[in-house]
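Labels A, B, C, D, E, F, G and H are assigned to the chains in the order they are written; within every chain, residues are numbered from 1.
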Amino acid sequence: MLLNEMLLLGAVLFCIGVYGVLARRNGVLVLMSIELILNAVNINLIAFGAFHDTVVGQIFALFVITVAAAEVGIGLAIVLLLYRNRRSIDLDQVDLMKG
Amino acid sequence: MTGATAVSGLLAAEVPYWASSIIKLGVVALVVPTAALILGYVFLMKMMSFMQSRLGPMEAGPYGTLQLLADGLKFLQKEDIFPDKADRTVFALAPLVVLISTFLIYVVIPAGPDAVVAQLDVGVFYALAVSSLSVVGILMAGWASANKYALMGGLRAAGQLIAYELPLVLAVMGVVIQAGTLDLQKIVSAQATGEIFGWGGIGNPFILTQFAGFFIFLVAVQAELTQPPFDMPVAESEIVGGYQVEYTGFRFLFFFMGEFGTAFAFGALASVLFLGGWALPWGDLGHWGFNIAGPVIMLVKVLAVSALIFWFRFTYPRLREDQLQRLAWKFLIPLSLVNIVVTGVFKVVL
Amino acid sequence: MGLVASGKAPKPLTKLLNLSRKYSIWMYQWGLACCAIEMGAVIGSPRYDVMRLGVIPFPASPRQADLVVISGTVTDKMVPSILRLYEQMPDPKYVISMGSCANCGGPYWDSYSVTKGIDQIIPVDVYVPGCPPRPEALLEGIVLLQERIGNEDPAVRWKGGPIVVD
Amino acid sequence: MALVPGLIKGLKVTARTMLRTLFGDGPPVLPAPSKHAHTVQYPHVKEIPADRARGVIALHEENCTACMLCARECPDWCIYIEGHKYLAPPRREGGKPRQKNALDRFDIDYSLCMYCGICVEVCPFEALFWSPEYEYSEPRIADLLHDKERLGEWMETVPDFEPYEAGSQQKVLKVPR
Amino acid sequence: MSEFLRDYLLVALFLMLAGALVFGMLGLGSLLRPSRPQPQKYITYESGVDPVGLGWSQSNIRYYVFALLFVMFDVEAVFIFPWATRLEAYGTFGLVEMAIFIFILALGLVYAWRKGVLRWI
Amino acid sequence: MIAEHVAFGIIAAVMVASALRVVTTRDIVHAALYLVIVLAGVAALFLLVGAEFTGITQVLIYIGAVIVLFLFGIMLTRSDFDQDAETDHKRKFPAVLTALLLLAVMIGALVDRFEDIELDPTPQTTAQVSDELFSQYIVPFEAVSVLLLAALIGAIVIARREEGG
Amino acid sequence: MSSTETGADAEAGAQPDRRREDWADKMADALGEGCLEHHIIPGSDLWVRVTRDSWTGAATAARDRLGCAFFDWLSAIDWLPSPYGRDMDAQEDNPEPRAAGATEQGYAGGETRFQMVMRLYSVTDHLGITIKADLPDGDLSIDTLIPIFAGANWHEREAWEMFGIRFNGHPDLRNIYLPGEFEGNPLRKDFPLLARRVKPWPGIVDVELFPGEEDS
Amino acid sequence: MTASGTDQRQQLAYVAAQAADARLNVEIETEGMTLNIGPQHPATHGTLRLVARLDGEQVVEAEPIMGYMHRGYEKLAEVRTYPQITTLINRIDWLGSFANEVPFILAAEKLMEVEAPPRAQWIRTALFELSRIANITLFLGDMAVQLGAVTPVFMAFRDREFVLNQIEAATGGRFHPNFDRIGGLKDDLPRGWIEDTKQAMEKMRNFCDEFEELVLGNEIFQARCRGIGIVPPEVGLAYGLSGANVRASGVDWDLRRDGQEALAYDQIDWRVWTHPDGDSFARYWVRLQETREATHMVDQLLDGLPPGPIMAKVPRIIKVPGGEAYAATENPLGEMGYYIVSKGDLVPFRVKIRSASFSNMSITPWLLKGVYVPDIITILASLYFILGDIDR
């Protein structure tokens, strides 16, 4: 692979993720879009790791995966909580988020 | 390492990569259904029947040996039903995911020095990772059927599979620490050449030093396979078959194949990890003869492990959902954590 | 699509298919009344052990069943359920009517709440007489069914009628 | 959960059953085919039911006088009898010709019969008997209506009445052949 | 192509093999099987009656809590694997490191236990 | 090398298509399943550049665990099998614009900068990863455990609150 | 009544049944006017007939004063002679259906067509009591027993379905057995069994006189 | 039958089914999740339907819907003669068939004031206990299978065959003997029967031992049953629970010992088993003990069988004098009784059938409140009902 191919792919995924975060109003879908973003980051990390021929890229990717798992856990807990209280996970209807 | 020479050792000739790949594909494509057939026939049909003082299938073929073939052919002729409300694509793909999970496990299981599809550096880790894929398939099936029993069964199954995935993973850790590798081939040779406190007469099958690990592994496998006493996801007296409830014909059979194929795979994994795999502690491990003897040795060990699994299955009633989770979280996981630490201490101290 | 349904399947193939259906009959485990217990004996009692014949009583859902044994009294309240059960089974499917109740209403032929015969609702392939039929009698019915399956013409069966033997 | 003892005992029970099924009480020799299971392999081996078993009703036509008693007492109304009267030649020389009944039709509808045995019991002329036969499933329900020829054929399968247990004061009857 | 990738190519091939099996079998079946639509055949199976009360209860949060616990420990396990392969090299130091790691996560388990989320009921 | 490029092309195409479906499909379960494809693709990419351990981890954690979490979340928050709630904002134009702008910027920044650098797919073994992790990155490693603990406790607290209420 | 019986019952068989009389007295005592009649078969059984209004009172009294904690069953009797002749085997209808007044009731008397019957039992004394109450012909309703014996719920639903008797205060008076669209109350005497009337009785074609009465 | 005819009828039935379901669904439509268990459900021994409203896996409310097996016995009894009824009521509790006949015959004998000769009484009692064994054996296996253990039910069926063989050898019917007559029995025992029966009893005792190891002693089984579905004695009695169900709650009451019906129970040596806990496990335990006790009772009954006739003098055509009588016996499922109102005809005027399961099941809505879905099965199985006995 060419390095820039990898990076490009990462960039595309990243932007798709960003679009998802902005366009979606379902809590779970927003979280999924965030996952996309994090994966895009991971691709970059791994690509650079391979580029520099070091395993540090992998290690960072591992950390990112860990953080992502934690993030999803908490995020979904919040979504569930919202759902419990409002019977909906539509973020538009969550005044709380709007301040 | 030498995936390409897997078969060449057997034939004592160099086999091109593509040819060996095709042979391997063919072998595994045969092995999985055959494994399901063997387990289904020997245990589900015959052993169960004997335990209940009856005979099991007798008419289809001598001693009913062709029973499951007849079943397969019969299921081919069954109408294919998609319930109205079902999510058709997901409904159709769910068995595929389960089956993929089963097939992928077989990639790393070694049956001889060269009789392995792909010898991966991260063998065990890979096997555990792909075996966890089936959860997705089961959840898909449960969801797509748009049926209460199915959804309930799917959720129960997923809850159970993930709860027991952990003990499974953690139980293996003891073996990994002892062998110092994730590669299944190396684990096999570590057992064949190992020593127990300086005595190497029978090598070191890890079942002896890792008995706690073996026990946890076995319990977890039982649960992963949703066999009694952990069969709530498919409990027929409660939720009539759980996530499989809407599946007909061959789609149903895929689940069946997945279940028994995975049982065989886990049996193989258990015998590789704990019982010494294809090797015998005596003799030259690299000898090509093991490529022929290995599968036989493996088969015996796998059947022994499966016999144990199915023996439990036919004897015990099922637990309740909460008892199952309690067993996992309050007993197996702490136990396996302790096992890791203890094994680590021994490893470092000795 | 539908090699067999169109009747174009070669003879040996149909033979093979018939054989497989003959020796693999998954039986929906569902009983209605007293006869159900004799059916239970056929399934569950090692003395009879219907699994020998390839009749496998695993499916808990009609979706995987080939055969349903209507074993017992059919009440008017039950009829819709039985009909649905039958329709939810995938073709090809077989029905055995077991016992006088399912055949004709039996001892309750004059009752206000009992359906006089299951064949008024669904097509029946084999009638087993008795009240209750001995387990062997049901076995005989199953053997008879198997014989007929072995000789039937799938093309006709695929259209859903009762067994036709050529 | 107090683990172990009960669980292990359970395993023992199933294992014991399996061994017994395979090998009986003898030594474990392979191959160990089907001898020790409780199974009677039906289409090949047939158990003979108890003599009293109520399998099918046989008609001894000579004894039946078409008196209709069985048809009347049958709770399911599943016996259909038709007959006609005729004058039989006198028993003794010079006597009057006797009026007798001829049996035209004697059908039992086994799809309806509840196998209660009332007809056999009430028959005053010992024309009906239970036979333990059970193999008469039919693919067509109409074939379950057995006419008097078919019922007569069943007579061959009727076993003799058994003797009674000690202390009984019942008389053992005879089956007319 | 490197040996390494060839191994994984095999993995990919197996993936396809499973797919081929599934579709092949279903394709073969479509030649043989009947198709006879009937009005009730496609209704969801629910013990022989019309499905009632469509609402699936959403309250079963316990599944989620267990799934969450699982994710956390799964991540932990991922870190233990490389450590386990190289424990010999790290010696006591590695042992202590991991002991701390496991201990901290075990705290989580204990917390969950004490909070009663491990109780199903 | 050709084979790898082809593989990369296929994987990338599938990934991008699936990712697009993730953010556009109306059925949440489908979105999650498309996400599975994307994640599997990522894992495949990792393997392609020799990051074996991370690749498998990706499968184990993401597909085996995180997706399950997602599916649970979905199934516990959807009240009906065939309910089709609105999942997107009414006006998506700003989102599209933002995303495209971002993409343009990144492409501009990346494409020229790293032109024609061939990646070396030498496998990096687990042992290497381990050695690096347990020497250089020992502090982050321990921090991870604390992070996980915190996340665990946080999630439990949230879930508990909801249960009480 | 039978020689194999034991203890008090066997003795009581010969002479007046003290224990049952005692029970009858207690019931009369507790209900006063509400207790109409009683009937005792020594050593066998006790019937008490109460007014409709004392129905629940009788149950309470039996439970509290007699110790009958066990709710055995509850049902009703339709005393109307069947309008279908001797029994439903008869092929023609009874030419003159007798008037309701002409019905004869069983033990402990009764005046009307429908009579409630309930049986309670004492698991300590091992004695049972059958309590009856008449329902006026125009108003088939009676108070529910659920507050006293929770088990009466289904029995009352059954009686409602089979006889059409309404139970005041019953929370859930629906059909228990029959499908919702079923019409009629099957256990009423005037409910016909159609199958029996449609199918010809096979015993009707008489070809010979009864055995033993043979004419020469 | 032509295919088109079938189709038409199917269409009609289909429309009827739609209508019936729609109506029922309106009746029970609730918020939250409603789970239908049955009528086609392996857990319900046939055709009970349970509609449970759930909150998660917890039951908020559960209601059995019966009538899928309602066959109208009480009405049919009004148009059948006494011998015809005897054979019909075999089919109420189809597992303990001979036991169904006894209380009816006893009630009729009460009205006719005849009494069966001692030999008949003893054989009656022995057959009664045999049906009890045949009946409860199946319960023992069935409850295990409901809890997910497949093997016990096969063993139950296996050993039950020995008992059924004996019942058949004596009466001619495996299930529906129709052997009891007003004033005695239909026939005497065939030669060799006593010997065979004793052997069968030996096997049954083995069976009980096996089950104590395989099921009762199993920790998983205990974990599933202990503390589940506790019935307090007062509540149980108020709901009309009888038989082993209340004996498992500590009520020491057994109609065989305490009833007034003329059977041979007072002449043999046996005991009544009770258990203080009142939970599902206790019910299982009590039934297992009763089975074993019954085998001992049969042995004694056969040893002491008095010689003599088996039939009292009764007219050939039975007309029962007018009057009312109630007779109840301790059937395998609990108290079963018949209340016969006679007007001196060939047919009874009214027969009220008090069947045990009907009352036993009436406690389920109370008992199932707040339990978890898997426990529904445990509780239903442990209460032990037979559909025919509920719906009649």
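Here is the rule we use: contacts are C-beta pairs under 8 Å (C-beta built on N, C-alpha and C of every residue); 3 or more make two chains touch, one makes a residue touch a chain.
Remember, it's a predicted structure, so these values are computed and weren't measured experimentally.
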item: Comparison of B-F and D-G (more C-beta pairs in contact); value: B-F
item: Centroid comparison with chain E (C-alpha atoms), farthest chain; value: G
item: Distance between chain centroids, defined by C-alpha means - chain A, chain G (Å); value: 75
item: Rounded Å distance, chain C centre to chain F centre (Cα mean); value: 52
item: Gap in Å, rounded to a whole number, between the CA centres of chain G and chain B; value: 65
item: Interchain centroid distance [CA atoms averaged], chain C/chain G, Å; value: 43
item: Two or more partner chains touched - positions in chain C; value: 4, 17, 29, 45-47, 49, 52-53, 60-63, 77, 80-81, 83-85, 88, 90-92, 105, 107, 109-113, 119, 131, 134, 160
item: Where chain A touches two or more other chains, by residue; value: 62, 65-66, 69-70, 72-73, 76-77, 80, 83-84
item: Residue list for chain B, restricted to those that touch at least two other chains; value: 49, 51-55, 58, 75, 77-81, 85, 120, 125, 146, 148, 151, 155, 158, 162, 165, 182, 236, 240, 245-246, 249, 314-316, 321-323
item: Of chain C, residues touching chain E in the complex; value: 1-5, 9, 17, 61-63, 80-85, 87-88, 90-92, 157-160
item: Complex interface listing, chain C residues touching chain D; value: 45-49, 52-53, 100, 103-107, 109, 117, 119, 124-131, 133-134, 136-137, 139-141, 143-144, 148, 162-163
item: Residue ranges of chain F touching chain A (in the complex, touch as defined); value: 4-5, 8, 12, 15-16, 19-20, 22-23, 28, 31-32, 35, 38-39, 42, 45-46, 48-51, 53-54, 57-58, 61-62, 65-66, 69-70, 72-74, 76-77, 79, 85-89, 92, 94-96, 98-100, 102-103, 106-107, 110-111, 113-122, 124, 128-129, 132-133, 136-137, 140, 144, 147-148, 150-152, 154-155, 158-159, 161-162, 165
item: List of chain H residues in touch with chain C within their complex; value: 1, 3, 6, 9-10, 13-14, 16-18, 20-21, 39-40, 42, 45-47, 67-72, 75-76, 79, 87-88, 91, 94-95, 97, 138, 141, 153-154, 156-158, 160-161, 174-176, 387-388
item: Touching residues on chain D, where the partner in the complex is chain H; value: 1-7, 9-10, 12-14, 17, 38, 49-54, 73, 75, 114-118, 121, 130, 162-170
